[in-house]
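Scrolling down, you'll hit the structures one after another.
After this come two complexes, each holding subunit A, first together with subunit B and then together with subunit C.
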Partner chain A sequence: MSHVARGTGRGGFITGFLILPLALYLTFVIWPYIQTFGYSFTNWSGQSPTFRFVGLDNYAALMKDEVFRGALWHNLLLLVFVPVITILLALFFAFMVNAGGRSGAGGVRGVRGSGLYKIVYFFPQVLSLAILAVLFGAVYRSDAGGLLNGFLTRLGLVDPAHPVEWLNEPNLVLWCLLMVVVWHGVGFYLVLFSAAMQSIPKDIYEAALLDGAGRAQTFFKVTLPLLWDSVQTSAVYLGIAAMDMFVLVSTMTSGQFGGGPDHHSEVMATVLMRNFLYFGKSGYACAMGVVMLVLTMILSIVTLRATRRERIEF
Partner chain B sequence: MTTVIKAPGEPAAERPGGGRPAKEGGKGPSDGMVLNVFSHGFLAVWAILIVLPLIWLALGSFKTDSQIGGSALSWPSHWHFDAFSRAWDKGIGDYFAHTLIVLVFSVPLTMLLGSMAAYVLARYPFPGNRILYYFFVSGAMFPVFLALVPLFFMVKRLDMLNTYQGLILVYVAYSMPFTVFFMHSFFRTLPTAVHEAAVIDGASDTRIFFQVMLPMAKPGLISVGIFNVLGQWNQYILPSVLMQPQSGSDPERYMLTQGLIQLQYQMGYETDLPVLFAGVTLAMIPMLVVYLSFQRQIQAGLTSATLK
Partner chain C sequence: MGSTSAHGENSTGEGLGRRDLIKRSAALGLIAVPTMSFLSACASGGDTTTKGPAKGAVSKDNPFGVPKGGKMDVVVFKGGFGDDYAKAWEAAFDKKWGTTSSHLGTQEITGKLQPRFNGGNPPDVIDDSGAQQIKVDVLAKGGQLADLTQVLDAPSLDDPSKKVRDMLIPGTVEQGTQGGKFVALYYVYTVFGFWYSGKLFKEKGWSEPKTWDEFLAVCTKAKEAGIGGLAHQGKYPYYINVVIMDLIAKKGGLDAMKAIDNLEPNAFEGNPAALAAVEAVYEVVEKGLLMPGTNGLTHTESQTAWNQYKAAFIPSGSWLENEQLKQTPEDFDMKFLPVPVLADSKLPFEAIRAGAGEPFIVPEKAANKAGGLEFLRSMLSREWSTTFAQQANSLTVVKDGVDPGVKLRPGTQSAVAAVKAAGTNTFNYLYPDWYSEMDTEIQNASNELMAQRIQPKEWIKRAQAAVDKAAKDPNAKNNRRS
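Showing the complex of A and B:
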């Protein structure tokens, strides 16, 4: 007999166990997903029960929508910088934590207190984005009461009469938001990479050592290739996070559902929400949802392909 | 690309700390010392960057509003807790309660329904099994924004906007893909012998699931449980669309995350920032306590959740 139970009369059991989860999932996840595609071809306002089929009009309008195009551009910028900065910092710290210690008689090891570092670094991960939004809203305050301006003033780098308007400065706002995402994510990916590093068998290092490899060489020639799977996964996850950004942008920047000043921090999700809940253009918002889906799909495939390496077994 | 040659079979030398192998003797110690200082420096700077804003925010709860606006680096002049009690009265207590009410139902329900589906899909072959599995799992790939507009009207049609039960069901549904995915791989690894023994003893399928399989899957349940608790506790987008008062007489049932953002707007007008800071600090404390008590499981749970 195979590991699975066989026999008659299981049909009822199988159905019984699947029916509720499936019903919920279909009602609240799958059906709305499917409906989005349908609505994206209509001029539905969301309020009135009537709407009419408009074909690809919404998509054509999207292409001409300056605000949406700007948002798309910001998402793409974030898409490049968020994963790159976060992963590089996380790799750097993970290597420090695991191999930065003094080499005694026995060998190179992690720094003292590496456990403590991991605890501290990881903590932002369990905080909600809403907490981050309030916290960094205060840090980036545009007067001497903001932590950043307070520090820079004290150091004499900023004129107290003209503090930096972090979140109101068109050229700065997006980078300020990016730093919040990095601050939030580094610890998590550090722990992830760290776990992967520790699962690498010691005898591989032994071999590298016998061949006379230095620490940097060990990292680039041994550790990094063996971590590649985790790096790849991380890139996809961070990319998906960079496509979203709704919570931070909508709560930290000015404007209805954020995006200010003057659309300089606009992302697709905020444009979507504004069109849906504020302008009452549900069909149009659905078209944006579809564009976001397509881009997310492309992103995942491209990331996985572009970072493809020969898988190394150990 | 780099090829890695398997090391010869000789066992590795005894190495304390379990880190990386030693560099060659002569230049080793001094080189290691420099790196040690160097790495501690960088690590400490980042640790400060994490901790400092959090402590600064908590200290803000004890300042006066003008002190907060005046200078970021001022030390609180008095150590009263009145901002905390005002924050509690402003609704933080209620937001906590609302979030707890939802999670008390949504997390166990997620675990139960998710495990049931995963169990059947993992251990009972039937036509369409694979298709159904991929169907369940594929939901994790789509951005939630894609579904938001129709979801709102679906919940509205069911007359469940701004109700706990509505949000509970939506949370359970959106946690389903990942829970099924994770538990599926877990149930597959459980030994078959136990299952067969239970069958011979005459236990029914349902009974086997609840009394044999579920207890055996406990480590997996804990990992997914942590993931779901954190995910649902921190959820912002779903409640901000589904949990708005629908009319003047409809009471507000904001979740904690929503409530904090609400408080931020409100305190911006009322210029009572200590209340906002106290509110955020209050919202952070349970997370800090839970995290410090379970940090090992949380780190392991979340990282394995990502990699699986």
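Showing the complex of A and C:
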């Protein structure tokens, strides 16, 4: 009796605290989503409060929109490559920094100067994407004034009369952008994985070492299984980042809100923005937003499900 | 127009990010649409509570009834012309009418203003320009713009016996008309063509080319001298489109131009003038006469390279001089060149594309709409026009609107000379204002052409496809020119 009373009392207390944040969340996060959903069934132009209900027309048009389909394909490509490359590099560096060292009494330590490496690796994360866009704009600049072109010209690999127009090459532009994302992300995930690695008890490593495990074996048999939760979370985050890509594409590539040359670097978000703000097709853009939301949710669920494993306790 | 450094959206800088923007505009929609009535046929934009001062008395000196001591809310695009001119105007306006002006100079016109339009509290005057302008056609369709015909019919400040309409250069009214209503005052008179350095040409002994063959010859000589022939703002194919379209208009005459604006089925395909123009531009590419790397450069990068004598010519509008003020060497001697003509052209070499840029608009729901209209009337006075020419190094649509005492920079001077030489031989395309999507598609095709990934015939095909697609726009029948 008294137990139950105490239970509801505490419940009411907690509810009291939660009700305001929950209301705010519903009003400013969930409600706009529902509104976007509503707008996606209209021909709203985005510049006026009047519009007409058009049913599923926007979604039907979306299915036939080659530009959007191309963008979706690019997002999926990025979805595969961004997490895989970033996580592999981050894991490798994190392992070397934390457990890659071979000398020393304990046997478990990073390579020499690992403290410095951590700071250096983390540095790109400090820069905002806008700065990155400017920075890499200078790297990829299409004339001899660009860092890459200047370098390659010096080496005699590129003819100064025909410099590589990095971001204006249909086959290169997406990879150039991918490079920037990976460069930006590796440091953060390195630190994340480092933290996770440091929480692994040293005795496990020592035991592995005593049994004669090499670096590779230590990594695959000990480190990776114990880090699995972090890797999984990282994959979801990076996947969501790959579904977005808006800032980089829109500032670095040609075209209104980026996506050039000729839609070769288009991602869903850039097509969405162009329709939303430039072509005056905001209802149509809202339909794209809904598709993006659904895809991102599916992606998160699939990633979490597919990577589920037996949790290892230590 | 093209005079900006903020092409593209930046969601990490100041101001609204993309997600925030969508969320907030949706949230504003929430206020505008009180129930879930977005599913109903025609949700209207809530009650616009009448705020701001009451209307003043209408008189001859005050045709719109500007209230004394009210507020003015002015938003201008801060691009190639800066925004000092607007500050000077606002000071003059406040002095005359006792108003308090709030000023915002920004490049993020859409980001800052879209929520305000949707929320029903737009500013009183807007210079709706730049890469992130809110398209005038979209605003007009949404009924957001005040009819500015009343400004045209009001007495001119310089000569009250005349109407404002009579003080404007021809074409101003046509350009600002959408669906039969005059809604946008395109204020800055702009001429388009090539630009070169008088100093470089003098040094090398080159003369101004009048035909396309002579143009190619100068480019070839430039290449031999180790510099690029033609530079263009590759990241923004808007600029090379100016060259292509001007060649078409000059070769095929005004009918060829109107065919494009009127979305005719043979605007590009089956039009020999169009093919000849595209082939002429492609010849520059094929012969390697482009400045190396120019296809991937931004407007500032390529223009600065041109200012460093790395290329002979660059296409642009007459905002170029002011935009490049800091990068141009003292003795550069900037000169304007009308686009040279192809053989058997219908228009003479002197003909130029001339039009007005920087659309100034007054929102229908502006709190101080009378003030906004009066502001526009003042802009069309000689005094304010001179202020603009001095502060922004550019001409306005006011006829003889600059005091003869004002000394102009060399580029502007040569542009004025070109305008005089052209006389009535001016033309202007309207499709970029009417059909954003078609414009974008043609720009994409031009980018491919300049990078030698498609041939002229393929360009024609893609441009025609863009035209045919635009012809399906229900608005297409309202946007006709003759």
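Simple rule for what comes next: the second predicted complex is superposed on the first by the 279 of 314 C-alpha atoms of A that agree within 3 Å, B and C clash if a C-alpha of one lies under 4 Å from a C-alpha of the other, contacts with A are read in each partner's own complex, and residues count from 1 in each chain.
Heads up, the rule we're going with is that contacts are C-beta pairs under 8 Å (C-beta built on N, C-alpha and C of every residue); 3 or more make two chains touch, one makes a residue touch a chain.
Bear in mind the structure is a predicted one, so any value in this text is a computation, not a measurement.
After superposition on subunit A, the partners subunit B and subunit C collide with one another. Look at A:149: by the touch rule set out above, it reaches both subunit B and subunit C. Applying the stated contact rule after C-alpha superposition, one finds that A:168 touches subunit C and leaves subunit B untouched.
By the touch criterion defined above, A:237 lies against subunit B but remains apart from subunit C after alignment on the C-alpha atoms of chain A.
Contact with subunit B, but none with subunit C, is seen for A:30 once the two complexes are overlaid on the shared chain. In the superposed pair of complexes, A:245 makes contact with neither subunit B nor subunit C.
By the document's definition of touching, neither partner reaches A:181: not subunit B, not subunit C. When subunit B and subunit C are set side by side, the one touching more residues of subunit A is B. In the overlay built on the shared chain, the residue A:267 is in contact with neither subunit B nor subunit C. In the overlay built on the shared chain, the residue A:129 is in contact with subunit B and with subunit C. When the shared chain is aligned, subunit B comes close enough to touch A:192, but subunit C does not.
Remark: of the candidate stretches 41-49, 59-67, 77-85 or 113-121 in subunit C, the one overlapping subunit B after superposition on chain A is 113-121. Residues 28-29, 31-32, 35-36, 39, 46, 128-130, 141, 143-146, 149, 246-247, 251, 269, 273, 276-277, 289 of subunit A contact both subunit B in one complex and subunit C in the other.
Subunit A contributes residues 28-29, 31-32, 35-36, 38-39, 41-42, 45-53, 128-130, 140-146, 149, 160-163, 165-168, 170, 246-247, 250-251, 254-258, 260-263, 269, 273-274, 276-280, 289 to its touches with subunit C in the complex.
By the touch criterion stated above, subunit B contacts subunit A in their complex at residues 1-8, 10-24, 28-29, 31-33, 35-36, 38-40, 42-43, 46-47, 49-54, 56-57, 60, 68-73, 113-114, 116-117, 119-121, 123-126, 132, 135-136, 139, 141-143, 145-155, 169-170, 172-174, 176-177, 180, 192, 195-196, 199, 204-206, 209, 230, 233-234, 236-237, 241, 256-258, 260-261, 264, 273, 276-277, 280, 283-284, 287-288, 290-292, 295, 298-300, 302-303, 306-307. On the side of subunit C, the complex with subunit A involves touching residues 7-13, 18, 22-23, 25-27, 29-30, 32-33, 36, 38-46, 110, 114, 117-118, 120, 131-132, 134-135, 137-139, 141-144, 234-237, 288, 291-297, 301, 305, 436-437, 440, 443-445, 447-448, 451, 453.
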